[in-house]
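Common to both upcoming complexes is subunit A, partnered first by subunit B, then by subunit C.
== the complex of A and B ==
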């Protein structure tokens, strides 16, 4: 595969640079060259072929000045917040709320190198994960949020990533200190219909007693290639909700790793995806229950039309000391077409005896009885089917507390449903 | 107390020392594995040329393969295949001459299982005449089977007597190059069972290796082939509940089942080989490839297994549901204690229309053991209205063990309905309290609760097996509580 293309790009990118993170980048590109792109022979990539990414020759996203007007940016985003175009911060399009340390990572590195440097790349594994290594090699900009101890931010914070014909490597760092609370909405959209590649890495550190709600909306165009890695580290008695909605993209892979590293933690992971045509969406989650008395809830749902495919792999690891763990995982897929392909791999690895761990996985089609019920009440078959599909998704979307976000996802699902569901 | 313990320990050690200092008799193959070994085995078994060629091709494939060491949730030292002896006479000269010489701990176990004295001798490997009773039983049954046209004999005999059947079916379900251990088995298998049930015949009794003395001690590389013609039915029992005296460390068996139109095969296994001592020393490595092909319309293959023995178990009895409306079932209880490791499960490959499969797996892990369920349910594009239900429950006893579940679900047809459920639990303190209150000892209570946990699987076992299996679980769990 085309590992060398990326290495060449790196040399152009890194040439002449000499900032604090340069050592990190050098190490990461070396690791990436050693690892190469994952192949389907590797267990974690058995269902996803990354060759469309490996064969990419897209130019690296550089800072833009006049691409996209302010009005466009606003119409794309659900709320006002940080705006990134081709992976780079656009101050002119952004609205930075006051009273919060919420800014671009590049600026944060300049303004407060000690605070950022202490946490950056501490949890994202660039040693064994090729895409995380690649992201780290091109690490330059992204969103940075720091909520200091005991601070509560009422209003949701918004981050918007707009992609155009480029390869971009956004890097987010979210630090929610002890007892702090925040909600963040991260949106990925396309400008135009051209293919573009996003490889993002997010590190989230949630302190003791803190609470963080993180929504990720992936609504790029149908040619977009998208690989993400979210690394979560939670301290005792913290609460975290991560919800991912994937509607766009030709090839999407979401990796999520959460370490529950303290007692009394509650972690909720939700995901919904709607795929059509030849879209492929792959959600991989790894949950580490390291300490006793933690709860985790996972719910992933996929709706598949046409020749699309989806993968869910959920891994729950309960450490020997993590007694009284309560881990629930559930994944369901709804197949709307005979050519759609669904693969599911829920996994439990348990080393403690006093735990409650369950996983459930179902793959099936619309319930004929429910359909009959609706048709008997005069709802036409196509409408009834759409209704049932939306009901299927609503178990996930109804958990989204921010109304515009919830509505947006529901509408997108309704809009993008194939016209003819049989 | 400690002196008797020491004495017992000594006996156990001694027993296994015998196993490895094989006093090689005249007709044993030299240590090591090459083409010569295979020619030797084939010649010893008086096999026709085609069988030898078949073995050699398997050996050629095996040489190109690597031992699968990375994916299973198992840890063991790499096996030295050149250090093993691949063919030796069934009986060693230093077999115990009477029950007095047998390890008393082993005898106590037999007692608890309620095994008759003659069978105890047989199982303990006591040589000579005590087993004649069983042989006569076996011959009586053989007559009844022959009357119906059923062929039930050792694999070696089948190669000589029924080459057309063996040729047609051997390797057709588990190809020689299927996996490392299947290839090894195909090259060096020594014996096993062969069953052929003709069209429309319902086998009048449970076929069991239990009665089949001539093919008992078949050694490490067993090969079983069962063919059920149109409308035939057979229930086959493998292994037995009692701990077997066994001298081989590596077992790599292959079992192939073929069910044609409306045929039904029920295959039950109870495996209780030496699991190693309490510190994880010794024990059998059990790498088995079991697969059944439901080739015919409405055919059915049902696997039931109770796995309590072996230090390492690597076993995935599978069903290929080719025929329309065919049914596959897998019921499993896997119990691991001390340092035992089990990575077991099934594969259900739905190819035909309206195919159905059920998976019920119960894993019990105690001591420092690791117990893994690994399974695949695959619905192929042409498998309209396929249906699968899987349930994997794990129970942990103690906080040093592990229980793992790795199901793979691959659906390629929208009419497929697949459900998978897994739970993990422990024995509740309130359950124990309830039993204690009613005067039930701790060990009896555990055994009772575990048996309740496994009830769905035991129900599938033939009656006499089920009774023994229940007792067996109790014995295997001894010392795991408190």
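== the complex of A and C ==
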């Protein structure tokens, strides 16, 4: 595969730089070259063929100045916040709320190298994960949030990533200190219909008794390629919710790793995707229950039309110490076409004896009886299908407390529902 | 308003309805009685447009239109309503959201203006009150977790809101206690008028004490084997379905 293309791009990008993270980058590109792109022979990539990414020759995203006007950015985003175009921060399009350390990672690295440097790349594994290595090699910008101890941020924070026709490597670092609370909405959208590639890495550190709600919306165009890695580290009594809604993109792979590294933690992971045509969406999660008395809830739902496919793989590792673990995992898929394929793979490794771990997977079609009932009351067939699909998704979407975000996802699902339903 | 002629229908290779003839005029209430498996629900489903049943022969005219040629939602728009014997639970869809979608589709087909959320709620609350229903059920998911009796009441509630021209009630009385039965029957009687027809499917004469029919038909093995006035229901109750067997023997 085409690792050399990426190595060449790296040399163009890195030559002459000598900022604080240059050593990190050099090490990462070496790791990436050694690892290469994953192949389907590897268990974790058995259902997802990354060759469309490996064969890319897209140019690297560069800072832009006049691409996109402020009005465009506002119409693309659900709320005002940080805006990145082609992976680079656009101060002119952004609204940086006061009283919060919420800014571009690049600026944060310049302004506060000690704070950022102490945490950056501490949890994301660039040694064994090729995409994380690749992201780290091109590490330059992304969103940075630091909520200091005991601070509660009431209003949701927004990050908008606009892709055009480039390869971009956003790097996010979210630090929610002890007892702090915040909600963040991260949106990925396209400007135009060209293919673009996003390889993002997010590190999230949630302190003791802190709370962090993170919504991620992947609503890019049908040619977009998107690989994400989210690394979560939670301290005792913290609560974290990560929910991802995917209704765009040709190939989307989300890796999420969470370490529940203290007692009394609650981790909630949700996902909903709507795929059509030949779209492919793959959610992989790895949870480490390291300490006793932690709860994790995972719910991933896929709605699949046409020849699309989706994957859910959930790995749960319960450490010997982690008694009284309560881990619930479920994935369910609604097939709207006979050609759609959904794969679901739970993997539990349990080394403690007093735990509750459950997993369930269901695959079904639209309920004919329900459809007929709705139609018998006058609801037209397309509307009836939308109602039922919305209902299927609602188990996930209803957990989104920010109404515009919830409705945006509901509407996108309804709009993008394939016309052809078997 | 409804004319069923020589209707044959079945599923796969099994014929269930074997030549039904039945005419209902505006303002009339017809009752259909008959033993389990005689085809009552199948008839109701075929009228409502359930496509798992295949119509092999015959025709159904509804208000001058070929009913069998219409989609289920189009039948509802034309004024047909079916109260299901087994109302379907639909988790995640609220009663009010769903019913407003139905009402507005029906209104649009009739050239009426859409009801906005407020007007709809007003109408729905008024009808719920008439049927002695706690209005909280409006925000609950369709039939989810409803008791048997609540489901049946919800059917009559939806009928009242949708204001159909012909209502087919499939065993709406089954599983109701006597108070609920009265509420449901009152709900139906309130809607009785010279323009509206009813086809009431039941096993029990009891219901027909409250909803007094103009005609009673006995269905057996997919055919109407006897028709008469309201006294036929009494006779049937007295003599049992064994008598129907005899009638059927004589008829064929």
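Rule of thumb we're sticking to: the second predicted complex is superposed on the first by the 421 of 422 C-alpha atoms of A that agree within 3 Å, B and C clash if a C-alpha of one lies under 4 Å from a C-alpha of the other, contacts with A are read in each partner's own complex, and residues count from 1 in each chain.
Just so it is clear, contacts are C-beta pairs under 8 Å (C-beta built on N, C-alpha and C of every residue); 3 or more make two chains touch, one makes a residue touch a chain.
Since the structure is predicted, the reported quantities are computational estimates derived from the model, not experimental observations.
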{"item": "Subunit A as common anchor, with subunit B and subunit C clashing or fitting", "value": "fit"}
{"item": "Touching partner for A:381 - first (subunit B), second (subunit C), both, neither", "value": "second"}
{"item": "First, second, both or neither for A:43, with subunit B first and subunit C second", "value": "first"}
{"item": "Three-chain overlay, vertex subunit A: subunit B-subunit C angle, C-alpha, nearest 10 degrees", "value": "80"}
{"item": "Contacts of A:372 with subunit B and subunit C, given as first, second, both or neither", "value": "second"}
{"item": "Partner chain in contact with A:391 - subunit B first, subunit C second, else both or neither", "value": "second"}
{"item": "Partner chain in contact with A:359 - subunit B first, subunit C second, else both or neither", "value": "first"}
{"item": "Residue contacts on subunit A - larger count, subunit B or subunit C", "value": "B"}
{"item": "Smallest separation in angstrom, by C-alpha atoms, between subunit B and subunit C in the superposition", "value": "15"}
{"item": "Interface residues of subunit A shared between complexes with subunit B and subunit C", "value": "none"}
{"item": "Complex contact set, residues of subunit A against subunit C", "value": "367-370, 372-381, 383-384, 387-388, 390-392, 394-395"}
{"item": "Touch list for subunit C against partner subunit A, complex", "value": "48-50, 52, 71-73, 75-77, 81-82, 84, 87-88, 90-93, 97-99, 101-103, 105-106, 109, 141-142, 158, 162"}
{"item": "Subunit B - residues contacting subunit A, complex", "value": "71, 73, 379, 381, 394, 396-426"}
{"item": "Contact footprint of subunit B on subunit A as seen in their complex", "value": "43, 320, 323, 333, 335-365"}
